[in-house]
Amino acid sequence: MEVELTVYLSGEIHTQWREQIADGVDEFDLPVDLTGPVEDHSASDDCGTTILGHEDNPFWKDHKGAKLNAIRNRTLMGEADLVVIRFGEDYRQWNAAFDAGYAAALGTPYVVMHAKEHTHALKEVDAAALAVCETPEQVVAILRYVTRGELMRPSPSLSLVR
Amino acid sequence: MEVELTVYLSGEIHTQWREQIADGVDEFDLPVDLTGPVEDHSASDDCGTTILGHEDNPFWKDHKGAKLNAIRNRTLMGEADLVVIRFGEDYRQWNAAFDAGYAAALGTPYVVMHAKEHTHALKEVDAAALAVCETPEQVVAILRYVTRGELMRPSPSLSLVR
Amino acid sequence: MEVELTVYLSGEIHTQWREQIADGVDEFDLPVDLTGPVEDHSASDDCGTTILGHEDNPFWKDHKGAKLNAIRNRTLMGEADLVVIRFGEDYRQWNAAFDAGYAAALGTPYVVMHAKEHTHALKEVDAAALAVCETPEQVVAILRYVTRGELMRPSPSLSLVR
Amino acid sequence: MEVELTVYLSGEIHTQWREQIADGVDEFDLPVDLTGPVEDHSASDDCGTTILGHEDNPFWKDHKGAKLNAIRNRTLMGEADLVVIRFGEDYRQWNAAFDAGYAAALGTPYVVMHAKEHTHALKEVDAAALAVCETPEQVVAILRYVTRGELMRPSPSLSLVR
Amino acid sequence: MEVELTVYLSGEIHTQWREQIADGVDEFDLPVDLTGPVEDHSASDDCGTTILGHEDNPFWKDHKGAKLNAIRNRTLMGEADLVVIRFGEDYRQWNAAFDAGYAAALGTPYVVMHAKEHTHALKEVDAAALAVCETPEQVVAILRYVTRGELMRPSPSLSLVR
Amino acid sequence: MEVELTVYLSGEIHTQWREQIADGVDEFDLPVDLTGPVEDHSASDDCGTTILGHEDNPFWKDHKGAKLNAIRNRTLMGEADLVVIRFGEDYRQWNAAFDAGYAAALGTPYVVMHAKEHTHALKEVDAAALAVCETPEQVVAILRYVTRGELMRPSPSLSLVR
Amino acid sequence: MEVELTVYLSGEIHTQWREQIADGVDEFDLPVDLTGPVEDHSASDDCGTTILGHEDNPFWKDHKGAKLNAIRNRTLMGEADLVVIRFGEDYRQWNAAFDAGYAAALGTPYVVMHAKEHTHALKEVDAAALAVCETPEQVVAILRYVTRGELMRPSPSLSLVR
Amino acid sequence: MEVELTVYLSGEIHTQWREQIADGVDEFDLPVDLTGPVEDHSASDDCGTTILGHEDNPFWKDHKGAKLNAIRNRTLMGEADLVVIRFGEDYRQWNAAFDAGYAAALGTPYVVMHAKEHTHALKEVDAAALAVCETPEQVVAILRYVTRGELMRPSPSLSLVR
């Protein structure tokens, strides 16, 4: 028996990790619906002032934009069976940690993906996760196992997401 | 990836704002289901006594009617991913503010649409909203951005809903 | 816009009131799914001991049966948008009042149907209802109004359910 | 270690069962707070119209009164660790069954007290209870055991509450 | 047995209705804790910019202030056993209706106090209330009945709150 | 009217009881979706280290594996209308009892299936169940009755699951 | 700043582990309230039939008793900030695993205490715990750290609970 | 009327901001209980392995420690009326953002304190906050206003927390 999963992909938007997971889902034809935030960075930053009107103060520009994005993201988080949260190398990505806390309080299972060097800084985020991994291939292996019970060993040589 | 939204349109029933939003949803073929209260004003006022029996006291007539309408409206509020709440010019529309408080307590995101002159009087309602705007075209722009990530600039000259 | 409703019909099982409501739903082709308990009285009484084994003590026979019926009824109550609860003339029907309290605590809207003579005894049950009526035709009128906004006046001469 | 309990005594108000339980709680000095509805029958019936204004229609008189009583009773039900529900001999007491359903949906444990002859009619109410008994002395024994772990055998000859 | 109540007094802040209720609570020595919003109108309006910094745009001034007030008011609403909501004569008081909807969604009982002339406009707010009245003396009578079961008839000649 | 049920089959994975229930569901063409954990024992044990990396300490191997399985199992438990929990003869199966407690706290109805000899040791688990039985045929009879109201008597000579 | 904790001690009742934890709490004067089930084994087994009446069938004797104990235990579980669950050597203790699942679904943190040999069998129970340990001294160290931030190293030579 | 608040101080532990807030609370004798995580950095890092046993792998050391700290922190977050979250200059402090998301999902109001330079990176965290400020003096002003309605203007020259 297959399990259908709706999976929200949260966090870093500067690398191709979402596409790599989507490719894996396609390759194995997994019963998984992938969702996520708007990935067009400038649209995501500008949406508030473009639609709701100009702001001189950057704080209010960000405020309006973050709230419009929240309409989408809270809806999708609420519908997700599983959240996958990626912490990248180059930014602080507090929004990713925010999503982890949000999922934890909702009782929604989540998986964290980050490089080993952030283990200590992310210990609270990792401690509430149901899995901690480093590569999209591992996420695909998790999705395959969880939905079908099929076990595969991710390539140890797979380069990390950069 | 598109996000499907169910959107409850609450509040003022004397202008065409719901139709304007529906037209925008059609124009861009957005994956949005619009719901709302019964808009036939006299049916909405008379439903209680027509179905459940005459009342001499207007209070009980209103009471019966408001409760029948609540069967519909609470169900739709409970199913909505987003509530859009319109405050018009000419009435007190306490029911619209009631719906805002109801949505806030449920944790359902809502957007408020009202003229600038009501900013101070609506500050508590606006403070709990995820967006505050003035025109149906802005609501359509929000729905388009939230569901598809497509950003458009609403016409600044668009006349307000009257 | 139509509203789809799932409606659980609770209470008295000795008259044809469920069929009368179902006929009305069919006549107006309302977008309503009707659900309800097992109506085969002897199956409902005997299910526990037939499936799970004989009991000498009638208390445990009833206990086993009531719990099996609860598997069905709690599931359906949990899925209902609206509960309609019928109190008949001839029995105490504590289970109907139990369902009213259960719906009230869940926040699920309910409608009560009973003869006027029980008004005082049912005052707590009625006070938490969104409508109180006497005939299946009134329930059909409620369902039609709530789902479609179409208002009709139930026949005042309609004989009560007996 | 003692367990402190807040216990709401719901249902029949024409016999002395609440006093009998209170006497037992006093006798054994149990760490139990007993709460319950207003027991002055005429005040309970008249409160709505006395405070909020006259009604010609008995339905609305009862409606106003039942809602005022609900302010008290829902608050106390919400605070209770345990609800004890008494079904008497002479009335339909749908409000008692309503409270049972309400407690069940809240997940609040409840105990039912009724004569054996009502076993079949109360099977749904009993099935969701954590204990079913016949006498106030049994309720006292339950409270003593639950709070202190002290086990006593209620008198088999204790006359039922009449 | 007395019932202790925590009662949040929401709404209009231009008349002395809160003091009148407090006087009644004192007079009868009722076991009632009264809470409410900050009643210093200018402090309530200015708190956001005074503490968090100046805003040129009145919208953001109101926004900051309304959110600071929300820290207090949501906490008190969450702790209240009962909310009393006053609609005055001279303002739209959407915040009062917002609080009514908020209480309704939380399942917290509320009482509405307003003049008869607003019956139709407030029908949705009234329909979800457990009592609708006109004078502080009626509120005191409700609190006395609910906490002590003592019934008193408010003076019919009591002037309305102005 | 048929009731559709999603049923999670929890517990023992060394006998064919899930297949026996599935066969019964097929035989009567019941509107039942059966779900359950991954039944491949070695995959279930090894999934954590295979996907997420080797562990020297068996505790962490088990920890990683149990958490990956929890992604699947919590999702399915959350979606289930009914949980059927099987305790076998040969293992302690604390995970089955864990699932029972989990279902109880969620308010999800569950049925327990175990041999009579474990009655005393399983009394807390049984006490919160809506049915306790011994054979898959009884589970099928429950599912048939709950979904269709059709009552059948399971064979008394049916050998127990071994 | 000290943190006050209410801690429910669940599980095995044949060894002195609760006393050992209580002694540690006393020794360090920790701001901890310890609660737990009735530990008088025969009272716990017999309470149902002693208070509620004899049963011939051991299943119903256990059923009545387990439900009376549930009145106490669910109340205490609901009030606990932390649950400590002890699995002993000699019994199956499914009730301990039931409590773990119950706490997990409530979102109440729990700590498991068991010998290393049960690591594999308890992996699902351990995976949802916030700590897994072997001795009462470790539990005391956890309580001291959590309430006061004082860190101490439990004796490695402390004999296990037997 | 004063409002009592329990306030959890989350985030950065390398500067004296908690003491500065505590001093302000003392100065004005505010009815505020301040709580927070264990601030002894090395105890916080080592608690898991010290109490529960050595780990070779730093990941598991962090894992055990973060979970022990979570026992304290989740309890305090659950009891807080308000959370104040400080983001410092020098670390990524994903745990602070995690707490913000956790509070947001629980519906607990929170205030964020950070330097202006992090406005863009913290926009999602700020957007769900009820106030965003830079200095402990502002937090004290918020606590004073919320609890007493007394408005004071924080010193604009107050140096930021470093």
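Note that the chains are named A, B, C, D, E, F, G and H in the order they appear, and that numbering of residues resets to 1 at the start of each chain.
Quick note on the criterion: a contact is a pair of C-beta atoms (placed from the backbone, for glycine too) under 8 Å apart; a residue touches a chain by one contact, two chains touch by 3 or more.
Everything numeric in this text was worked out from a predicted model, so none of it was measured.
*Asks:* Greatest Cα-centroid separation from chain G: which chain?
*Replies:* Centroid comparison gives B as the farthest chain from chain G.
*Asks:* On a CA-centroid basis, which chain has its centre farthest from chain A's?
*Replies:* D
*Asks:* Which of the two pairs, A-F or F-G, is linked by more C-beta contacts?
*Replies:* Taking the two pairs in turn, the one with more contacts turns out to be F-G.
*Asks:* Hey, what angle do you get rotating chain C onto chain F on C-alpha, to the nearest 5 degrees?
*Replies:* 90
*Asks:* Which of C-D, F-G or C-F has the same interface as E-H, meaning more than half of the contact pairs match by residue number?
*Replies:* C-F
*Asks:* Would you mind pulling out the distance in Å between where the CA atoms of chain B average out and where those of chain F do?
*Replies:* Here the centre of chain F sits 45 Å away from the centre of chain B.
*Asks:* Could you tell me the distance, in whole angstrom, between the mean C-alpha positions of chain D and chain E?
*Replies:* Between these chains, centre-to-centre, one finds 32 Å.
*Asks:* On a C-alpha centroid basis, what's the spacing between chain A and chain D, in Å?
*Replies:* Chain A and chain D have C-alpha centres separated by 51 Å.
*Asks:* Taking the mean of the C-alpha atoms as each chain's centre, how many Å separate chain A from chain H?
*Replies:* 25
*Asks:* Hunt down the residues of chain A that sit against at least two other chains at once, touch-wise.
*Replies:* 67, 70, 132
*Asks:* Please output the residues of chain B touching chain E within their complex, sorted ascending.
*Replies:* 58-59, 62-63, 65-67, 69-70, 87, 91-106, 118-128, 132
*Asks:* Show which residues of chain E lie in contact with chain H when the two form their complex.
*Replies:* Interface residues on the chain E side: 34-36, 38-40, 43-44, 46-47, 50-52, 64, 67-68, 70-72, 74-76.
*Asks:* For a test of understanding, state which residues of chain F touch chain C in their complex under the given definition.
*Replies:* Contact set of chain F toward chain C: 1, 3, 5, 81-82, 109, 111, 130-133, 138, 141-142, 145-147, 149-154.
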